[in-house]
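Contents: one structure, followed by commentary.
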Amino acid sequence: MVGSPVLFIAVPLLAAFLIPLLGMVWKESIRILPGLVLLYMLVLAITLLEQVMHTGTIVEILAGWKPPWGINLVFSPFTGILATLMILMGFIIWIYSYRFKNVDFEEAKKYFILFMMLVTGSVGIVLTGDIFNQFVFIEITSISAYALTAFYKHRDSAEASFKYLMVGSLSSMFLLLAIILIYSQLGTLNMADIASKAHLMKPEFKILAVIFFIVGLGIEAEIFPLNGWVPDAYAQAPGPVGAAFAGIVVKAGVYALIRIIFTLFDVSGTHQFLIVIGLTTMIISEMAAIRQDRLKRMLAYSSLGQMGLVLVAFGIGTEEGIFAAMFLLINHAIGKSLLFLSGSYLVYNSADKYISETNGMGKFLPVTSFLFALGALAVVGMPPFSGFWGKFFMMSAAAHANMLLIIALILSVSLIELVYYFRVINRIYFYKKESHITPKKPTVNAVIAMATLGVIILIIGFYPDLISGYLHQASQALLDKGKYIQDVLSTGQLLTH
Amino acid sequence: MNFTLFDLKIVEYSFFITAILVIMIGLYGALVKKSLIKVVIGLSIFDSGINLLLISIGYITSGTAPIFSPALVKDMPLTLENIKKLSEGMVDPVPQALVLTAIVIGFGVTAVALSLVIRLYRHHQTLNIDEIKNLKW
Amino acid sequence: MKMKKILVISLLAVFGVYLAEVLFKLDFGRQFFQQGVKDFYLITSPIKLQVANTVTAIVVNFRGFDTLGEVTVLFLATTAMGSILYKGRHQLGERTVLFSGSRIVTTGSRLLFPAIILLGAYVFIHGHLTPGGGFQGGVIIATGFLLMLMAYADYTVSHVVLSVVESLAGITFATIGLLGMLHGGSFLQDFLPNGSLNDLLSGGIIPIIYIAVGFKVGAELTGLIYTALNEKD
Amino acid sequence: MIYYLILIFFLLLLMIGAAIYSIVQKDLLYAVIGTGLISLVLSILFLLLQAPDVALTEAAIGVALTTIIFIITIKNTVRFEDEVYQKKPSKTEAK
Amino acid sequence: MNMIYILFTLMFGGAILTFLAHKVSGLLRDTLFVLTVLASTVLFYTKIHTGDTVDFSISGLSLQWGINAYGRIFSMIVLGLGVMASFYSVSYMKGKERLGYFYFNFLISLMSMMGILMSHDLVSFFIFWEMMTWSSYFIVIYNGKNVQRSGINYIIFSALGAYAMLMAIVMVYAHTQSLMIPDMMQAFPFFPAAYKIWLPILFLTAFTVKAAMMPLHVWAPDAYADSPMAYTSVFSGALSKMGIYGMIMVFVTMVNYLPDDTWFRETIAWLGAITAIMATLWAIAQDDARKLLAWSSVAQLGYIITGVAVGTPLAMLSALFLSVMHALFKATLFMAVGAIEKQTGTTKFTEVTGLIRKMPWTFISSLLAIIGLAGIPPLGGFVGKWMLYESLINSNHYILVIAIFFASTSAFLYCYKFLFGFFLGQEEKEWEHVKEAPALMVLPMIIMATLLLVFGVFPGIVLKPIDLGMQTLGYSTTAGTFWSMSGLFNEWGNQIMMRPLAYAIGGTFLFFLIILTVKGFKETRYVTTKDISSSGEVPLEHENLTFSEGFYQPFLRAVCPVMKRRMMTYYQGFGQGMEAFFDYLRRVYSGNGQTYAIYVIVFVVILLLFKNSLFG
């Protein structure tokens, strides 16, 4: 046994506190330590995931108090897969940004601490089994995200970050309101306990709490009217951070929203609401994406659209739908991160990141361009790359649930998506480079990181069975509310001295 | 002690009403005021309102603070019954613990927000939120 | 502009009415649920943990994980502020002088400073007995430094010392958590003898954690203010 | 008892008044002092609601630290809200 | 390991190796490319037999690959053209950039076409379909910046079709829980009524896009014209046939079971006919050989679609036969244009003339192909067209016959234009030093032209596999052969068509050819092309005064009312409207942080107001 789930939080926190100290002694350690921590977390996550798949959910109690009283971490197949995905993405992005801010020690130190905390916070959101603890992790993630968004000094990054912060603090207020509404009714903060007692709540409290949760978590999950900050933040953040937003942070937000809707309350209509809101998000953001002339904004809008699709898939609510949603989620994490990572080399030159800057990069940055194209094909859902399977499973789940109109809508939106991605690919490969632009060769570590993502895309594309078994278990785990409650509430015993 | 004033609902709910009003005022400031500093002030007022709401939800009429101070437990054996009796007269400690966390977090967010305001002022030479929109659509 | 105001006010009115409508269903001053976690906390805290201040017991022991997160949030806020206001290696700004302290202010501050620090230390050491704790004590310590920073235009705090203190305190917290794991099987598990109620040395790991938190919060907030004060364009 | 109630009402009204004041006041410095006042009142209310821990925290953080940080920001930017409407003649335009 | 796996591994691995070999050496790359195509062809014809299948499963979906007699008809086209075009492209593409990329996509598209033919389940069908789309798309945009627009058009329409197909597939899957095509065929009669209408429509959307039927054809002319000629031969010859392949399946398996299928068939048949007519007219109006051939491809596919839609056994036979023939002659023609382009650098009739003596072999092969295209006996085109007419008349589609006949006759006009523009006419100084294309390019053309002749004279060679394939599809024959239904094949034997007639026509043709050539040598008077003044019309400065300028002006004037409206303008208008709408819509992201915060409150309030209806 390598460890237990709490080490996903404890070890990086310890490391975060340690980095400033070690940095005084050995400057390179600020870069290496986060990587080691993430690597350890990755190994731990994979080991635990393997174990969970065979023996069932691990519930870890903290501070020796069993669930309704203490905080607990739940490493079920569902949360485990998400956590593993996030840590994997975190590790790859760490590889990519290993030489980030090579000359400026202070900046680099802060970057790595904040980045590690971003990953940890997201993992915490996914693993925790307590709503207030989740709130704390959301704040950890948000503050790191604000700082990372505003990381570059000579851009409009502070503006983006301030927008994010405004909306984000509203989100945390609504979460607090929701939490206190629940607490006032049930006297507990534990998710499983809430789920088992949810019928005791007066309906108006329940609905108000659900609404506040949807708003508060919707901001993190980037649903339509609440996502104005997203394109700005994604576009202004440094490239790897944009990738981390798309690959890690959104996933945590979506997870939190899904957990509230699927497990906590049995309010009717939430599934339909998810579908409606997901479709709206998807349609509007894809429409905005096709009219962008800046690469990163385009990617950000596209990311919104994809997450909308994921929400629709979750909203179908059947096991198939969740399976498809998980598949889409993984594909989006990998594909969109790859796009952000390679895209930031393609438009390295200016702060504006116009799409026209990618013109003719295929000749100068062959590997980066190829990986960008691969990522684009995967994200669009072209077979035989990974995106196709997600899309197909999603479609067939929707068809099983008899939602043909939704399929048609999604497909017509996918058409829009296809057009703007192919436009960029055309520019990369077939246009003449603009003369004032000097291509920037990616560093070796960046190439390794991007290539890893590319290989994952190919592997999943050609051999989806690699993950589909896990995903089936995960979707069963999410749907089986009773088992979740039982797993959590029956764990451990009251430890006494 | 039979004041008619006490029977009015408004008295009982005065804490809730105040909290809601403060929340509304804070939100108004955050949503309407043009100055970035005013926006941050609005958000922090909002925060205060929510904290008040949380604490007042945990309140129990004529309860005591959830502290078993020496004065409270003196010459009383610490048996389960005694503690139970004492604890029934205590206000709920959980919201207090939550608010404690929330205050600190709120402060952290405010600090970050204000440093962003300084950055924005340095960059734009203005604090008017309507002029700070280089990023749009 | 007018439209926006009217819109916002009407929106807020609707929002407020709905919120009030639901909240008014609660009876103020009464407990709204039959059985909550609070009963367990109120009983366990004095009997098992020997901690007089239940809030402290909840913050540090029952929900200690939250506190770890909270400390991290502050730590991150400091880091974030430093990162956001950072101008480059060679151009640290000058101090923003808030007040040019008169002699009375400076002398008074110098007299008050040790007292404030002492008060802060008292507050966090007695966190499990009386109201207060690591956060409060830390904040009080930070205000002491704030006083000095305001009174003396050239008062400097060593960043290195601050960050060492901060890191060590944070490491202590996390390490205690891990020790608990080694000892009792779960993170932040109480592994020290509990003593007896209302003794200074009671409550197991709570005083230790609160001392660490106190140092950490004090150092963090001082650093935060110092960063903000060093900001000048 | 009635004095207690009057005190509470006074504090609640004071809090609302301070909130309105800090939103309406054009001089940001005064507005910030208004926020500080809210926190002060809030901490007294916490005390009355039997939450001494929170009261202590609110007093230390809300009254002292938040206000100071606001003041530092105002020192670094502009003091009057009206000033935000006209752009200052830029001395160091955005780099 | 099963041979089918080996086939795909071979093709895919070959593609990747070719791509990598590009970095090493050009010769290795070319060799690998040709070897891959040859090896897989040989493997397919020697080791894989009709009826072979392999089963496997991917994430719980059970899939199957295999080949049946019907697929074999088309595999003949794909692999045959593939081999020819691969030899051709080695020579044609010499000296161009990004060859690794080109060959990679070439092989992938060949592989995916084989995959389409060999998939027995809908998912792998769709996967290969999409792979075919993107690989061909990457070749369409190969020529650089100027062709991006046609590329985007192509991918939009293809994706439209593909998504329609995906939707149909998931509908079938949701309903039958099986992805096998045979299962779908069996279950179709029992589908709900709405499904019965929608499934064929969705599938046909996908297939008619590839087959370039009328409202969805707008991508085709540009895409055919803009991709490198070495690939266009495969693109127009084989890839568009995948649309036909699918259409036939849809018609056989689905439309037959529609409660009232007449209107369905009539609509598609008429759309095919209109496609044929309009595309022919457009082809006549072109001055660029590539464009002309591209439009002509669309027109030819129109006939085939009509045949498929009418759906009697004879019509189906003619459609399949025409498919094979069209693949042969259109590939030959595109290759000829490629050869001319390679040698002269241009493909405009107005610039190149009189190549008959410079490039005789190219001329001969394109002459044969043109004859085949125009449907003159004894070449293959004639047989197909005859059967088409006959089947149309037999099934009482008289107006349709007239339409098709009109299109077919008009086709003579562009055929002549092609022949005249390039080969006949006067020799010019400019093209004095033009040489015949390299042997590697000429040889495939010659081979295919010869095959055209052979198949025209001995149609049974092709008809036999088609016959087998149609039986697989469920057409049963009482007479043992389908072509015995046609009056064209008389008692002289079911394999040899009108042998005496063929000899007679061929003899006359050759005679006149020789006479005229000899005569031409003797009596030609040389003037420069700039010597010609057209009476009455004042030539513009930029016009090169050759005959080819405004070749069929009177005719085009006559038909211009029909050609005034272009489908493309509607699509463009639609696109612009959408773009304006998108631009308007994205203003919700106003850029003001406060507005975003207000959205949050608005959202909350909306949810609160409608909470009862939302979360009842």
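First chain written, first letter: the chains are A, B, C, D and E, and each begins at residue 1.
Here, a residue touches a chain if its C-beta (ideal position, glycine included) is under 8 Å from a C-beta of that chain, and two chains touch if they have at least 3 such contacts.
As the structure is a computational prediction, the values presented were derived from the model and not from experiment.
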- Going by the stated contact rule, which chains contact subunit A and subunit D alike? B, C
- Please list the single chain whose C-alpha centre lies closest to the global protein C-alpha centre. A
- If every chain is reduced to the average of its C-alpha atoms, which one ends up farthest from subunit C? E
- Between B-E and A-C, the pair joined by more C-beta contacts: A-C
- Query: Centre-to-centre on C-alpha atoms, which chain is most distant from subunit D?
  - Reply: E
- Computed distance of Cα centres, subunit D from subunit B, in Å: 13
- Message: Just the number, please: Cα centre separation of subunit C and subunit E in whole Å.
- Response: 73
- Message: Taking the mean of the C-alpha atoms as each chain's centre, how many Å separate subunit A from subunit E?
- Response: 44
- Message: Based only on mean CA positions, could you tell me how far subunit C sits from subunit D in angstrom?
- Response: 19
- Numbers and ranges of subunit B residues touching at least 2 other chains: 15, 21, 27-28, 30-32, 36, 39, 53, 56-57, 59, 65-67, 90, 94, 96, 100-101, 104-105, 107-109, 111-112, 114, 116-119, 121-124, 132-135, 137
- Item | Multi-partner residues of subunit A (each touching 2 or more other chains) | 132, 136, 139, 143, 146-147, 150, 153, 158-159, 161-162, 166, 170, 177, 183-184, 187, 189, 208, 231-232, 288, 291
- Two or more partner chains touched - positions in subunit D: 51-54, 57, 61, 65, 69, 72-73, 76, 94
- Task: Flag every residue of subunit A that touches subunit E in the complex, lowest number first.
- Result: 159, 162-163, 166-167, 170-171, 174, 207-208, 210-212, 214-215, 218-219, 225-226, 228-229, 231-232, 267-270, 273, 284, 287-288, 290-291, 377, 382-384, 388-389, 391-393, 395-396, 398-400, 402, 404, 407-408, 411-412, 414-415, 418-419, 422-423, 426, 429-432, 463-465, 468, 472
- Query: Any idea which subunit E residues touch subunit B in the complex?
  - Reply: 586-587, 589-594, 597-598, 601
- Note on the structure: The answer for subunit B against subunit C in the complex is residues 9, 12-13, 15-17, 20-21, 23-24, 27-28, 31-32, 53, 56-57, 59-61, 65-70, 73, 78, 80, 83-84, 87, 90, 92-94, 96-97, 100-101, 104-105, 107-109, 111-112, 114-116, 118-119, 121-122
- In the complex, go through subunit D and note every residue touching subunit B. 1-2, 5, 8-9, 12, 15-16, 19-20, 22-23, 28, 31-32, 35, 38-39, 42, 45-46, 49-54, 57-58, 61-62, 65-66, 69-70, 72-74, 76-78, 81, 83-85, 87-88, 90-91, 93-94
- Query: What residues on subunit B touch subunit D, complex-wise?
  - Reply: 1, 3, 5, 11, 14-15, 18, 21-22, 25-26, 28-29, 33-38, 40-42, 44-45, 48-49, 51-52, 55-56, 58-59, 63-67, 90-91, 96, 99-100, 103-104, 107, 110-111, 114, 117-118, 121-128, 131
